[in-house]
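Here chain A shows up in two complexes: once beside chain B, once beside chain C.
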Partner chain A sequence: MATLTTGAPAPPRVAPKPARKRRSWPALIPFIGPALGFYVMFLIIPLIGTIFLSLTDWNGFDFAQIHFVGATNYTALAHDPVFVSALLHTLIFVAVAMVLKTVGSLAAALALNERLPLSTMFRAIYVMPTVISMVVIGVVFDLALSPTLGLLNPLLKAIGLGHATNGLWLDDPHKVLPILILVDVWQNFGIYMLIYISALVAIPDELGEAARVDGASRWQEIRRVTIPMLRSTTGIVMLLSGIDSLKVFATVYVMTRGGPNHASEVLSTWGYSQAFTEDNVGYGSAIMVVLLAIAFVFAFIWLRLFRSKAEDR
Partner chain B sequence: MRRMTRTGALLAAGTVVVMAMTACGAGTGGQSSGGSLTLLSEWTDGGSATSIQSTIDSWNSANPDHKMSQRSIGNEDFMTASRTAMSGSNPPDVLQFEGFSDTADYAKAGKLVDLTSWWNANKSRFALADSPGVTRACTYQGKVYCVPMSANAQSVLFYNAKLLSDNGIAPPKTYADVVAAGEKLKAKGIIPIALGDKDGWPGAQLWMTFVAQLCGTDTADNAVDRKGSQWTDQCFTQAATQVSDLVKKGFFPSGVVGDDYNAMVSLFESGKAAFISTGSWFIGSWQSAPPPFTVGAEYFPAVAGAAFPDDKVAYGGDVVGIPTGKNQAEAMKFLDYLTSLDQAKVWAKNYYFSAIKGAVAATGPSNIQSLYDQTAQAQDTLGSLDLQLPPAVGQDTLYNAFQSLLGGKSTPAQFTAALEKSANTAQGPSQP
Partner chain C sequence: MARKHRLPSPGRVTAVLGIYVLMTLVAVSILFPVVWMLYSSIKSNQDILSNVFSLPTSIKTANYHNLFAGGQMPIWLLNSAVITVVSVAGIAILSALAAYGFATFSFRGKEKLFVFCLIGLMIPPQALIVSGFKWMSLFALIGSRWALILTYLGWISFGVLVLRNFFQAVPREIIEAARIDGAGHWRIFSRIMVPLARPSIGTVVVLNFMWVWNDFIYPLVYVNSADRYTIPLGILQYQSRLGVQWGTQMAALSVAAGVPLLVYLIFQRQFIRGILAGSLKG
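On to the complex of A and B.
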């Protein structure tokens, strides 16, 4: 449709921005006060306390025995072979678990979004482990994987796969970390699946229809339309699942105590062991500060990465 | 309207703050008023749990103004939980723990009441009162900070009498008998010795049994004290070799470092394993869950040529201390009550190896008398080494390096070298 114009084009009509209501701080206090109070009391203060303790040699019994030692605990970390292996285990744990949780939850979400029979039941089944206590899950897997009293070895034997393994699971230094990663993935991927399903529902049907009209197969539609539309969701899922794995403690502690011989030691279990079992609260705090720093760096890089990609789009 | 909202908001905020302050105040007041006593222990099951409840019930009936309440935590997490409780500002009034390095740590921090006078006045009532094991468990810089509740033997070899009999094996009297029985059982597909070392201490205790026999109490204590002995000395490595040999013979279940103490007890009580080497506390579980077969028990037989065949790993086991706090006077009265012969008889009746003389003889089951007498009369008793050493050595390096040995990932010499290196770091070099 042609448009007749005279003279200079009229400036675009922009609706006047409504004046933002200015709220005074006292009025906001009831809304943010309780949460802020808890946040400061149970996160910020302990955080500052942990950083302070990491600079001391406190044994955890008596503040009269506390001495400021500067960065000694941090320099000692470099010479602690258990810390180095725990750091490596933590990084492997985070990297592998993050990829498996993201890929697994995306695959499950795509499958269950197809409105197949029983898909609602499977959603519930996959989400169920997330609501079970990590300690309970640790105990159950520990029992199931026991080489002498567990269920897995007799089961493998019954289906003719007994010869495929040596019957050792959590007591095999080469298998223990992969098993713990799989347990973590199994427990947590359901919640990320739900996040993906929510995002899938929000993708307009017209995009898929347009792709199908243009002759795209279902797989091409998923690869070229659906997955790119889920990019920001994927960023959030990877960030949350990575931080989730970084914090892993209960399942490792219950199932292996970091053993055998530190083969499954991660930063959280080694820090806990140092602070509460070996009475090195200062050193244990330094380990926890390192864990915190990794989490911050990880979150910062990840958010920057995905924000810049979103801006590129 | 706006004005009212702001006022309301301020009132709400004030209410929240006041409520929070009131809640805090109420919590603190609730803990300090009322004059009640608290006990923290690891007496969670078996005869000890039944016994402490009985003692508390009778104490509370007699002392309604100073009622005792208890919190018990399972052995696996007790060490950590008790240290955390003692480091806080509100420790229990009475603490059951396992002594040794914990005693030193608590005493050094001024967290335990000096019981030297009480002990000197009352120690004639206790078995093993002057034994090295009990003395080292409770003494710090010449002062006594705890008293023994139990006279546990640590190096006991329990056996399934029926399983041995069914396979034509007589109860072993010597170490050679144990090895011969193990070979025969293994050939028949029966696990010779139940062991689960996930938590580190069950395996370490087996090594300590051989340490007592091969090194003797004095040498082992000198190694702990870093005075004239090192963990790399030949006898300590030889003790590790004894365990390593049992591993090579296939006497332990597969996955020995993946199962815990409960699993090893299950293996034994289900009849899958013929022997179990653990402490006399195992008997305490028989009161509530007796094994479905006759259990024999002897001290672990000495290896051939052992220089100290009669030295035993035995110590107070459960010790009781009084944390410094507001209820010390009443807590001391409870200690008197807890260690009285009348109460000890209740404990002995429940299969508890009471440290109070005469209790087990009076009410203890007949099948524990012989083992108890051997323990109570032992002279050279070695305190549990993992508890004697600083936690970084005894509960980190010892447990983990021993897991590596049991898993076949290291040699006896590497095990003792790791222990010596850790002790050197934590305690300094051994002095001549």
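On to the complex of A and C.
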């Protein structure tokens, strides 16, 4: 970082360094101490606690009954078919939602960048679902897709497509995961569209102009000049949208509870039911640790990007 | 990118039309469920059951009456409001202080400590609920609003990131001038930095408002009685695929969606800036 600064008033280079350091600690602690205190108490300790509990066998009631069992929970995971499919569903969910959100938000940003009339209105609408609680979105879609009372089946019938489906949506094990992915994409692509729009604004116009002088069409210009210029933004969007999808819980919990028959079970819902419904606190924690491990892979890549970005400044 | 295509070619006209059709379809897919929810909330249950699409013929306030007079909606709104206001104010204060510390002091291990503070951005909150629940029950806080407030006060990562970036960009001359006038850290922080950072603090407040208000997993686990529910948990009480209380449910959803939508429409600028700041592009 080029902008590292000192609190002392522009000290001359000859000033003895240790003296300045000793003075800065008492002044520094009231500033970063309180935030760090809450952060460690209520985020870092539960994080370490999850890892600790994953190495124990505990029903969750009596602290005296915590037994350390080593990696037993982790070996048990490999023999739990529901865990394996939950892991698979999570990975599929994250990968597919990430790609769809990236492509969708890029397309929306490029379309809005054409500065056609009503663009601002479209932009505001596209961001709207992200501010609404996932619980609300989940309940609304749950109702809309209900086979008996929902919106979608009468709608399909009205446009003559009623026979194309069996009328089941969230109850169909083959459709439930794709539907949940689409809801996630539908709700959150607007955020990434905003990130793309701000990157598009920053692209110097000379490049596009050069392409136009060479007789490139608008579409060729976008494909050959604009999209390659957005490469680093695309990296950030994929990463952030992946992390975002990894956090999925409320929509699945509200719409399907992981069902039917675990067809939409993801790591967070399976860990939740193991820990709170089945009272397998140790085993539930091990499932959460797997989720954390995936999150840390994303975090590691993000930090690398963050560092290189900081060095660019 | 200024448009230089003065004379639209037939190809461009078709492309523009295609873009409009697509953009409108996406917009309708977003607006329709929201509008459907809103207008269904003023229909009677029988009207909804006989035709889910039909527009209301008259305004029926019975659903809202059920929620507010007959139900616990006022308590849930109050719970959500108290928890959100206290938590978000706390997050703003804590993260502004820490951000000032990171931006103006130099000390060993500063970058490492800063990165440590960002871990919170990456962690799926639901991964922490199991041990978080046990941790809170050690302090006998389960069932109290404090369990939620204290948890949210740990969500300082975003604020520290955004505000540190802002404080670092403040010209050194301003701070040096204040220092020569004899101002200490507290004075510089409260009289110069915080007023300057007001837009960035607004961004931090708006985004954290959305996150805390809409949070579902922690209330689900930490709250154990209906009179302590927050809005996202409360509205689930009306969920039923059989449509028994369909109208009331729609009204509950409208209230739950209405608050953040209103905040978004009023503070759109802060919200958008927050999204960009969180993507390391700010």
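For this structure, a couple of remarks:
The criterion applied here is as follows: the second predicted complex is superposed on the first by the 262 of 313 C-alpha atoms of A that agree within 3 Å, B and C clash if a C-alpha of one lies under 4 Å from a C-alpha of the other, contacts with A are read in each partner's own complex, and residues count from 1 in each chain.
As a working rule, a residue touches a chain if its C-beta (ideal position, glycine included) is under 8 Å from a C-beta of that chain, and two chains touch if they have at least 3 such contacts.
None of these values were measured; they are calculated from a predicted model.
Contact with neither chain B nor chain C is seen for A:A95 once the two complexes are overlaid on the shared chain.
Contact with neither chain B nor chain C is seen for A:I227 once the two complexes are overlaid on the shared chain. Of the two partner chains, chain B is the only one that A:R257 touches; chain C does not reach it. Chain A has more of its residues touched by C than by the other of chain B and chain C.
Once chain A of one complex is fitted onto chain A of the other, the partner contacts of A:A27 extend to both chain B and chain C. Of the two partner chains, neither chain B nor chain C is touched by A:V103.
Touch criterion met: A:A124 reaches chain C, while chain B stays clear of it.
In the overlay built on the shared chain, the residue A:A210 is in contact with neither chain B nor chain C. In the superposition on chain A, A:N59 contacts chain B only, with no contact to chain C. By the touch criterion stated above, A:P173 is placed in contact with chain B alone, chain C being left untouched. Once the two complexes are overlaid on chain A, the chain A residues touched by chain B in the first and by chain C in the second are 24, 27-28, 30, 34, 60, 146, 148-149, 276. For chain A in complex with chain B, the touching residues are 24, 26-30, 33-34, 37, 59-62, 64-65, 145-149, 167-173, 256-257, 259-262, 273, 276-280. Residue ranges of chain A in contact with chain C, taken from their complex: 1, 3-7, 9-10, 21, 24-25, 27-28, 30-32, 34-36, 38-39, 41-47, 49-50, 52-53, 60, 63, 108, 111-116, 122, 124-129, 131-136, 139-144, 146, 148-151, 154, 186, 191, 194-195, 198-200, 203, 205, 208-209, 212, 217-219, 233, 236-237, 240, 243, 246-247, 249-250, 253-254, 268, 271-272, 275-276, 281, 284-285, 288-289, 291-292, 295-296, 298-299, 302-303, 305-306, 309.
The residues of chain B lying in touch with chain A in their complex are 5-6, 9-10, 12-13, 16, 20, 79-80, 83-84, 86-87, 105-106, 108-111, 191, 198-200, 253-259, 263, 266-267, 272, 390-392, 395-396, 400-401, 403-404, 407, 409.
If you check the complex, the residues on chain C that touch chain A are 1-5, 11-12, 15-16, 19-20, 22-23, 26-27, 29-31, 33-34, 36-37, 49, 52-53, 90, 94-95, 97-98, 100-108, 110-111, 113, 115, 117-120, 122-135, 138, 150-151, 153-157, 160, 168-169, 172, 176, 179-180, 185, 189, 210, 213-214, 216-217, 220-221, 231-233, 235-236, 239, 241-243, 246, 249, 253, 256-257, 260-261, 263-265, 268, 271-272, 275-276, 278-281.
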